[in-house]
Structure formats: C-alpha cells, structure tokens
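Take a look at the following structure, please.
Going in written order, the chains are labelled A, B, C, D and E, and every chain counts its residues from 1.
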Amino acid sequence: MIKIENINKWYGHFQVLTDCSTHVHKGDVMVICGPSGSGKSTLIKTVNGLEPVQDGSILVDNVAVTDPKTDLSWLRARIGMVFQNFELFPHLTIRENLTIAQVKVLKRGLDEANAKGLKYLERVGLLAHQDKFPGQLSGGQQQRVAIARALSMDPIAMLFDEPTSALDPEMINEVLDVMVGLAQEGMTMMVVTHEMGFARRVANRIVFMDKGMVIEDCSKDDFFGAPRSPRAADFLSKIIH
Amino acid sequence: MLGNFDFDVIVRSWGYLFQTGMLFTLKLTVLAMAGGIVMGTLLALMRLSGNRAVSLFATGYVNLVRAVPLVLVIFWFYFLVPYIAAWIIGSPAPVQVGAFPSALITFILFEAAYYCEIMRSGIQSIPRGQVWAGRALGMNYWQTMANVVLPQAFRNMIPVLLTQTIVLFQDVSLVYVLSIPDFVGAAGKVAQRDGRLVEMYTFVAVVYFALCYGLSFLVRRLQQRVAIIR
Amino acid sequence: QDDGGTLAKIKKSGAITLGVRDGSVPFSYLDDKQQYQGYSIDLCMKVVTALQKQLGMTELKVTMNPVTSANRIPLMANGTIDLECGSTTNNLERQQQVAFAPTMFVVANRLLAKKSSNIHTLADMKGKTLVATAGTSTLKQMTILNKEQNLGMNIIVGKDHPESFLMVETGRAAAEANDDILLAAQRANSKTPGDYEITSEALSVEPYGIMMRKGDPAFKKAVDDALVRVYKSGEDMQRLYHKWFMSPIPPKGINLRFPMPPQLEAVLAKPTDSGDPAAYAEVPQAQKAAAKKK
Amino acid sequence: MNYHWNWRIFWEAAPDGTGTYLDTLWSGLLWTLATALTAWVMALALGVMVGTVRTLPNKWLAGLANAYVELFRNVPLLVQMFLWFFVAPEVLPQAAGDWIKALPNAPFVTAVLCLGFFTSSRVAVQVATGIAALPRGQKMAGTALGLTLAQTYRYVLLPMAARVILPPLTSEFLNIIKNSSVALTIGVVELTASARAIQEFSFQVFEAFTAATVIYVVVNIGVVYLMHRLEKKVAIPGFIVAGAASGGH
Amino acid sequence: MIKIENINKWYGHFQVLTDCSTHVHKGDVMVICGPSGSGKSTLIKTVNGLEPVQDGSILVDNVAVTDPKTDLSWLRARIGMVFQNFELFPHLTIRENLTIAQVKVLKRGLDEANAKGLKYLERVGLLAHQDKFPGQLSGGQQQRVAIARALSMDPIAMLFDEPTSALDPEMINEVLDVMVGLAQEGMTMMVVTHEMGFARRVANRIVFMDKGMVIEDCSKDDFFGAPRSPRAADFLSKIIH
C-alpha cells in the first residue's frame, strides 16, 4: 500500500535521508525507531508529502506522492497523521477540531461531520469533552482527540510520529491502548516510537534508522531476536533499562 | 501663568474640536487600522512566502517604508497620489484626490508595514506542527492559513496590534502637514488663531492620555479574555 | 501638459480651488464657524466673480483647500489649487517658481517686545535673545544683521508665528522679529495687549501677493485685471481695508487698528507685481545689507 | 507638472549667510544625529531600569514603573514636546523655571529630555517583554546557585534579554531618529527643519524634501546595517534568538 | 539534614501543598514521585526557598529556610539544584557557566573557580567541551554540565527536579549514570523522577505525593514491596509498562 523507493532528501548541503526504501502492506503495523536526528520524522512526513524529497519515488495506494501533478490535499485527506505535540487547533473546540477538515476538505455536511466526529470521540472515550477547548484537556486526552480527528477522515492508513513522547508517564498507556485497538482492527499504520513494549505487542515490521539510512527493515521477531547491526543492538541496550 | 488659564477657548471651540477634529481622528484611525491589518497580513504572507521574488519585494517595501519619517511619507503622497491615480485610470491630467482619501491611502500603506511585522511574528509564533496538522488533514495552503494559522496568530497578536493602533491613533496628529483638522490639528488651529497654545495643548494631552490609557486598559482586559487556553 | 491653461480647466470643470491658510489673521484664516475668512480671501472672491463673468459661466463652484507654507508650491504645481490666497511674500527668488498677482499688501519687519524691557530699536537688542519664525525671510535678515552689526544676539527659532510670540510671552526671548502686521495681530490677540510694544524702526519692506501658476499668461492677465479693477475702485477698496484692519474682526471681535501704510497706498494707486522691494519704498539700510550679502 | 526643477540649488549660497544650502542640510543632519543619539543613550539607560523594575516581584515598584510607562507613551510626542518646552518651566518655581529658560541650547536639551523619556517608556516595554520571554527556569537557576536577585538580573537575565530584544530595539532606534524631527516644533533646526528652511527660502520644495528623505533612508539603512552586525556579533552559537514582536514608529 | 515540617502553600485560593512533612538524613537518596501536578516540583523548590511557603517550617543543616532573617543566597549556594530543562545560561560558555556563581557568590578567584569547575566537568566526561556554548551540546550533555555546575559549589546536598524527563530516551542513561555515581559516593540527594529503575537502584527513601499531600514516605523496599495506598499502587501500575 505504501511503497518508498530509494528516496534522498537534503536540507541545503545536509543529507537527511539517504537511499531509503521500504514497503508497507495493507494491515501492516510498522514501527520505526532509531536515535534522535536519524531522520525518522522526516521519513514519515515524506509519505504524505509534508516534506518533499529531491530524489526517489513514493507510491501510496498507487498514487505517486512525488509526482508534481498529484493532488496532495486529496491524498493527505486519506492518510491520517498524529503528531508528537498533538497539534490540535487550540482556538477551536474539540468538536470543531474533529469536523473542520471534514467540512472544508471532504465537503461533508455539518451534521454528517458531527456524527462521524462524535462517533470516533466516543471510541477514544472522550465524548463528554466535546465542547471543551484543547487547552482544557490533559496531554493524554489531547492525543486521543488527535487520533479521533485523524480517524474522522476515514483514512486508509495512519502515520504516528512519536505519539507518546510528549506525555506524562501516567498518560502514555491510555494513548497506547487506543493505538493497540486500532492495530488489532487491521488499520495500516506507520509508527515512529521508542515504546518497545508497544512494538513487541502489535508491530509486525520494525525499521531501524541511523544517520538518514534504513539500517534494519525486518519482522518484529527478527529484530528483537537478534538485531543484525551493532548500531541497532547498541541502541536497544540504551533504550531498554 | 496657569493662574490665567483661559478655559473659555476650549468651551468655545468644543464642537469643532470633537465633532470635526476627534471625529476625523477616529475615522482615520479605524479605517487605517482595518486596511492596514488586511494589507499587513498579506504582506506578512508575502514575506514568509517560499517565492524569493515575492518575499524580497515585501521585505524591501517594509524596510523602505519604515526608514522614512511618516511626516515625509504623508507629504509625498499628497502630491504623488493624484499622479498615481491618473496613471491607474489612464487620465492625462492628475486626478484630484481630496486630503482625506490621500491621508487614508498613506496611512494604510504606511501602517501596513508595521502591522506586517506584527503579523509575521504572530504567524511565526504558531508552532510549525500546526501547519503540518492542517496540511496533513488535506487542507490546502489558503485553507490552512484561513482556518488554522491566521485565527491563532491574530488572537495571539491582538495586544500588540492594538498597541500599534494606539500609536497610529497618536500618529494621526501628523496630518497637520496636510492642514486637515484632526483633533490635535483642530486644537492647534484654534490655539494659533486665538493665541492660546498652552491651554489647548494641555487639554489635548489630557484628552489623549485619557483615551489612550483607557484603550490600553481595555486591551489588557481583552487580552485576558481572548487568550487561547493552552 | 496643461492644455489651454487654468482658464480652460476652470471652464471645463466648472470649479476653481483656492489655497487658503488656517491662521494668517487677518489675511486668510478659519473663524469659529469653520469658515475661511480674511482680506486675501475677499480679494480672491472678487477675482473669482470677475473670472466667472469673463468665462460667461452661470455657475462657478469655489473650493477652499487649506495649505501650509510647505505644501503650497507642490499643490500649485500639481494643479490641486489654482490661486493661493494667503500672506505670501513676493520676492525674486520665488518668482522662479510661481507667478504673483499685483501686490495687495506691503509690510515692514519690526520688533515686538514687552514694554517693561525697554526695547525701541534693533540696537537695544545687543546681547539679548531674539526669536524669529523658522523659514521666514525675517529670520534670514536677522541672522545677517546680527553678524553685520556685531549685535551678539542669541537668535532662536519658533516653529510658527504663534510659537514665536509665546517665546516672548514666556520670557524665553526678549523680542520677536516679524512682519509688522503679524505683530499687530499677535499683540491684539494676546491676553494683555497693553504689555507689548512694537518698535517704529522699519527693518525691511516686503510686498505680499496672491500666488498662481507660472507660465499661464491668459490666466494671469485675467486675475491681474480683476485685482487692478478692485484696487482702483477707491470707495470699495477703502471699505475692504477698513473691514479687516480698522474694525473688530471675527472670531473674538479684536480690532487691529492698523492704518493703511503709505507704501500700500502707493502700490494700490500704481499696481505692480514686482518682487523687488525697491519698487515699493525706500529700502532700509538693514535690508540692503542683507541683499548685498546674497 | 508646472514646476521648475533646480538640483543645483544645494550648491547655491543659503541666505542665512552660513554657507551653501548643502551646509544647511549638513548642519541639520548633525543636529538630528546629536539629538537622536543623546536621547537614545538616555532612553536605553532609563528604559532598561524601568523595564527591569516592571518584572520585579514587588507589586508596588512594578506598579510605579507601569505608571511611568503609561504616562510617557499615551500622549503624542508632538504634544509632549510642547508641554516640556512651554508649560514645564511655568509650573516649576519661578527661579527654577528661569534657570531652565536661560540654559544655553534650551531647545536641544528639552528635545533630548522629551525624546529620551518618550522612547524610554517604549524601551521599557521591550525590556520587560524580553525578560518575560526567557524561560522561567533561568531566574530560578540563577537564584538556586546563590546569586542574589540583582546578580541574577545582571549576569543571567539581562544579557539574554538584550539579545532577544535586539531586533525590536533596532526599530526603536530607527524611530528615535525619525521622531527627532518633532524637535523642530521647539526650534531645533534638525534635518526636517533644515529642509523646510531651504524650501521656504528658495521655494525648491521637491528638491529639499527629496534630499531629506534620501538622507533619512541612508542613515536608517546605516543603523540597520550596524545593528545587524551587532546582532551577529553577540549571537550565541547554537542558539536561535527569536525576535519579540515590535510595533511603533 | 533537611527537615520539612507541616508545610502548607497556596497559589491564591489553590492549595498546592497540604501539611507536608519529611526528613532527609545525611547520605540519604530520596526519590519523590507521584502524578503530574501533585506538587513534587513545588515541594523540592521550597527546600532552598525558591518557593516560599505560607505555613510550616523547613530546616536545612539547622538553618531555618522559612525564617525571613536567613540569608537565602548563602543557603542556596550550599544546595545544588538541577532542573528539568537544564537551565544552563545560553550566553555563557560551559566554563563560564561553571565558574560564574563560584566567583560572584563564593568569591573564589577565577583560577580556583576554573580548576574546580573543570574538575567536575571532567568527572561528567565533558572536559573537551569547555569552550562551547550550551546550545552546541546535546540534551544529555547539557544536563551533565548542569550537574557539574551544581557540584562546583561544593554543595552539602543536591536537589533534582525530573532531571531526565526532557531528554531523548538514548540520553537518559548517561545522566542517570552520573547520578548513580554521586549517590554511591554518599551525596545527600532529593530526586523528583519517574525513573523507577533509578529509584530501585540507588534510592533508600521514597516519597509518594498526590494532590499536594505526602501519601507515602517509606523505605524503598516497603514502597516497591507493598505500597500502602491504593493511589500509589495504581500509579505504579501505570508507570511501569
């Protein structure tokens, strides 16, 4: 469903991504990990064209993201994305956050958008908070709203960029639980995370990156069993303590 | 000296001071603020645009305008606007533009440079992630700006925008170079005609202080009201 | 570019715009009913009537456009105003830029001081502080005289005439140098007119004229003719002068009590638009010195 | 346009006997710079003090500083200039008033004081904003190391705040140069007043104002350039200083 | 060494600390944990008077922090503190960061201050970076400098407020290692942290707070063995996953 082929990306003279390739199939849950600055966020943002690449090709559901003729807005509307800092719109209520893109982008009627939004809000257990503003919710609650917002667009796949790293330790689980639920329902997901517990539980593929390169791209069992590169082994030893 | 303050001159010219002078000042302030914010926002978007030519043009405009004293800008525009208008509508002779439209155009163009800088830092203060979130939901550039970035930038910047408007309110007094009677100008004219400068300027200072202070007090109240809950 | 000149423009647009001043009492100023009034304006209105007749127009709209000393030239040049009705000194330098109608008033530079300070001539000002208004020919003359006659005066500059007067009133300057008619108006307008004295020694001769665009002979002739007719009308002209200089004038009913100076009588009898002071009266020594310097 | 251009006017002798019109402009520029620079030094010193006091925990002092700011920024400069020059000496005791009036260069001194106070209120706002923009932890870190509050301000907060507010301070610097033109209302013959004098004497109004405009632009570009150099010079490696919002003229 | 007795603190009408008491003895390593907003940071900041309390008393080395006559600067100079966001002074080089308080507060000569500062910089393994600015170091390195800065003052005790929570997962260990070293050398420490691994390894006392109150104040073994309050048990179950 997502085909990344030999992409390269530079910021000025600095190469962030070097020859990265990977495939995500329908229903896959892919976890991307690696040291800070290794290009994980950049990689995941290239998938829906938020970061352009200078070289290589990306196909999502057989649509070429890298083709200048592609209507990126339309494509993005079909891929849900959840950010580290939630990025809810602080000036809109939770309900408005859930409906604005449905109305403006998918041209749904307000009633339909509301119904859809509230359905997913209920799914993440926050129906009672629909009239609050994001600033009035805890971090974990905000992140769950962000997930509901992405789901309201009926995405064909979901991208997560360190969805729990800005959360208080107590709240990490409430978000991971929602994500586990999604994975179990068969949602195609790409997840940048350091939560190896989550990876072990639901991932079927692990990509390990370092210095802009994909160092490992294998099944969960291969990765945790015997990571092939010394860099990955070193990383795992640091992160699990 | 203060003993023989002649308050009568204020009473006598009350109508002129307020119905002509203050009305003009308020009218110009409000219209120039509205126009300036709209144009300033556009300029800010231009400055932040990825297109180098566009952003260079906006940057040049802003820096040029900010380098020239407003008095001189008002002066130049009074004479140049008729020629510019003639050039736009293709009239062979300069078009007569009244002092008020000329002042309004000048203030909008001038203040836009300042509002631009405010809106620019307002837009830049919005986390980049907000733009990404908008784009990731499928909104295009203009939808993201209109629904996500600008409403927040605007709210965050309301205090600075209003502070700038208070500056604008005071700057309107510079239209004396066009001899249009704004509040200060009206007071000045009365003062000069009747030789009562001290009384008039003291009165002007008191009125301005009361209004500006009141306004900035309101700004602070408003700031607490509209601040986005974070 | 101004095809057919100002006359054609007036005929075509059915309107004429007069440049007027806000505070040149009693020549051109705003009264407390927000009407522009004054000696120069009355003269201009007579010109307007004559123009209307000459052009055979049933209706001529008159617009009053306030000008300042800084913008009267550009506004004249870009056609915003057609006649400037203020209190502008006519001199040869300015004639490079604009044309003047026949002289309508003649003033002399004098000093105004508090009676208590005992100043009767320029010589009494030795070592004292003198104020003159920024950008006036008076200021330039005083600077030159100060050097020439070794007076050692400290000359300070007022932004405009009322502020120059305020300098004397608040004691920041011992005397103000200015056109005598303006000094008379300031004194009459002050809180205590009795406290001030205007010296009798004339330091210069300066003609005032109504200003118009240069290089438009047809229009200038029409204006000149109209004005000369007024000047020569005798009775009418006397009444006009009396109205502004010898009677109470709005807004406060002050009377300037400024009898017609002989130089003015002379020029009304024999109208001229010359920018040379010598054409009006014997030029005082002081002014000659200044002219030589130039 | 019915206008007689004469760009050679600047080489002609000015009637006030001090030299050519070019000399008139030059002397105007010098007065502008003298007024603006002196007032700027004063505004910086006062502004940093008042701005710092605004951020102090002492409510009473902070309130006083706020009152100072409100007083000087809520009345148009034009009017303040007038009040300082004509009204202030009159409300003082007679002797003090007379002493002020007798000061040599009284208009210049008054203009500097007035501009200095006016601008200091705006510098104070910037300084307070700059200090508030620093992470709260910085003040705590300073005091936790045993630095006194004064030392924390001196060695930790103010040096950082100064860097943060450098861009808006540049704007204020430009403003004070432009605002110094208001000093012409009390008789300081600075650049704008010189241009006006030239046009009144010669009637070459466009030439005079073009010259003034160009000089202002050149001076301001010079200031922007110098401040930019300063910004670069004090920039901290690995640290992006974000400018606070700036307004005003 | 540190005696906190029945302190109460309000922000306006909101009570942040309610009747908190605890004692830290010389050589103790006390870990303070609890949910977000429970008052941990506030409590630790009251110890060196960074946050005043309205009620109760705090004695540090027999000096009353709460006594208005106490010279707080002098006291603070003898208690090291490390913050979540490091709070190095960005405009000073690493060396200047280490020496400024020694020179200004302890009135040490520059040479002595330098020698002392560099000694501790070496101790945290960053001697090579002495001329850099904080912005040029990674988060983990900055936090180690912050610890060296506090140590340069020869403190009698150290306070840590979530020293690792702003760090990338990879860098957490390099900071924890330094802290473990300190603890083993017998430094008296109060540490607010969610790192239960650290707590298990070096703490001898655990304080659990909730809603501004000290709920548990016991030895490490008691706490991890069988926490007495349901709230603490719940917290632990969420945080260790």
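Observations on the model:
The rule is simple: a contact is a pair of C-beta atoms (placed from the backbone, for glycine too) under 8 Å apart; a residue touches a chain by one contact, two chains touch by 3 or more.
From a predicted model like this one, the values you see are computed outputs, not experimental measurements.
Listed by label, the chains touching subunit B and subunit D alike are C. For the pair subunit C and subunit E, chains touching both partners: D. Within the contact network of the assembly, the step distance from subunit D to subunit E comes to 1. We define each chain's centre as the mean of its Cα atoms; on that basis subunit C and subunit D are separated by 37 Å.
Averaging Cα coordinates per chain places subunit A and subunit C 80 Å apart.
Mean C-alpha positions place subunit A and subunit B at a centre distance of 45 Å.
With touch defined as above, subunit A holds no residue shared between interfaces to two or more other chains.
Among the residues of subunit D, those touching two or more other chains are numbered 1, 86, 90.
Residue positions of subunit C touching 2 or more other chains: 1-2, 70-71, 74, 77-79, 163, 166, 170. Here the chains touching each other pair up as A-B, A-E, B-C, B-D, C-D, D-E.
Contacts from subunit A toward subunit E in the complex involve residues 35-36, 138, 168-170, 172-173, 176, 194, 197, 235, 238-239, 241. Residues of subunit D touching subunit B in their complex: 1, 70-71, 73-80, 82-83, 86-87, 90-91, 171, 174, 178-179, 181, 192, 209, 212-213, 216-217, 220-221, 224, 242-249.
Listing the residues of subunit D that touch subunit E in their complex gives 135, 137-138, 140-148, 151, 155-156, 159-160, 163, 236-239.
Taken together, the subunit D residues at the contact with subunit C in this complex read 1-4, 6, 13, 15-18, 86, 89-90, 98, 101, 106-107, 184-187, 189, 193, 196-197, 199-206. Considering their complex, residues 1-2, 69-71, 73-74, 76-79, 93-94, 96-98, 134-137, 139-140, 143-144, 147, 156-159, 163, 166, 170-172, 213-216, 290, 293-294 of subunit C touch subunit D.
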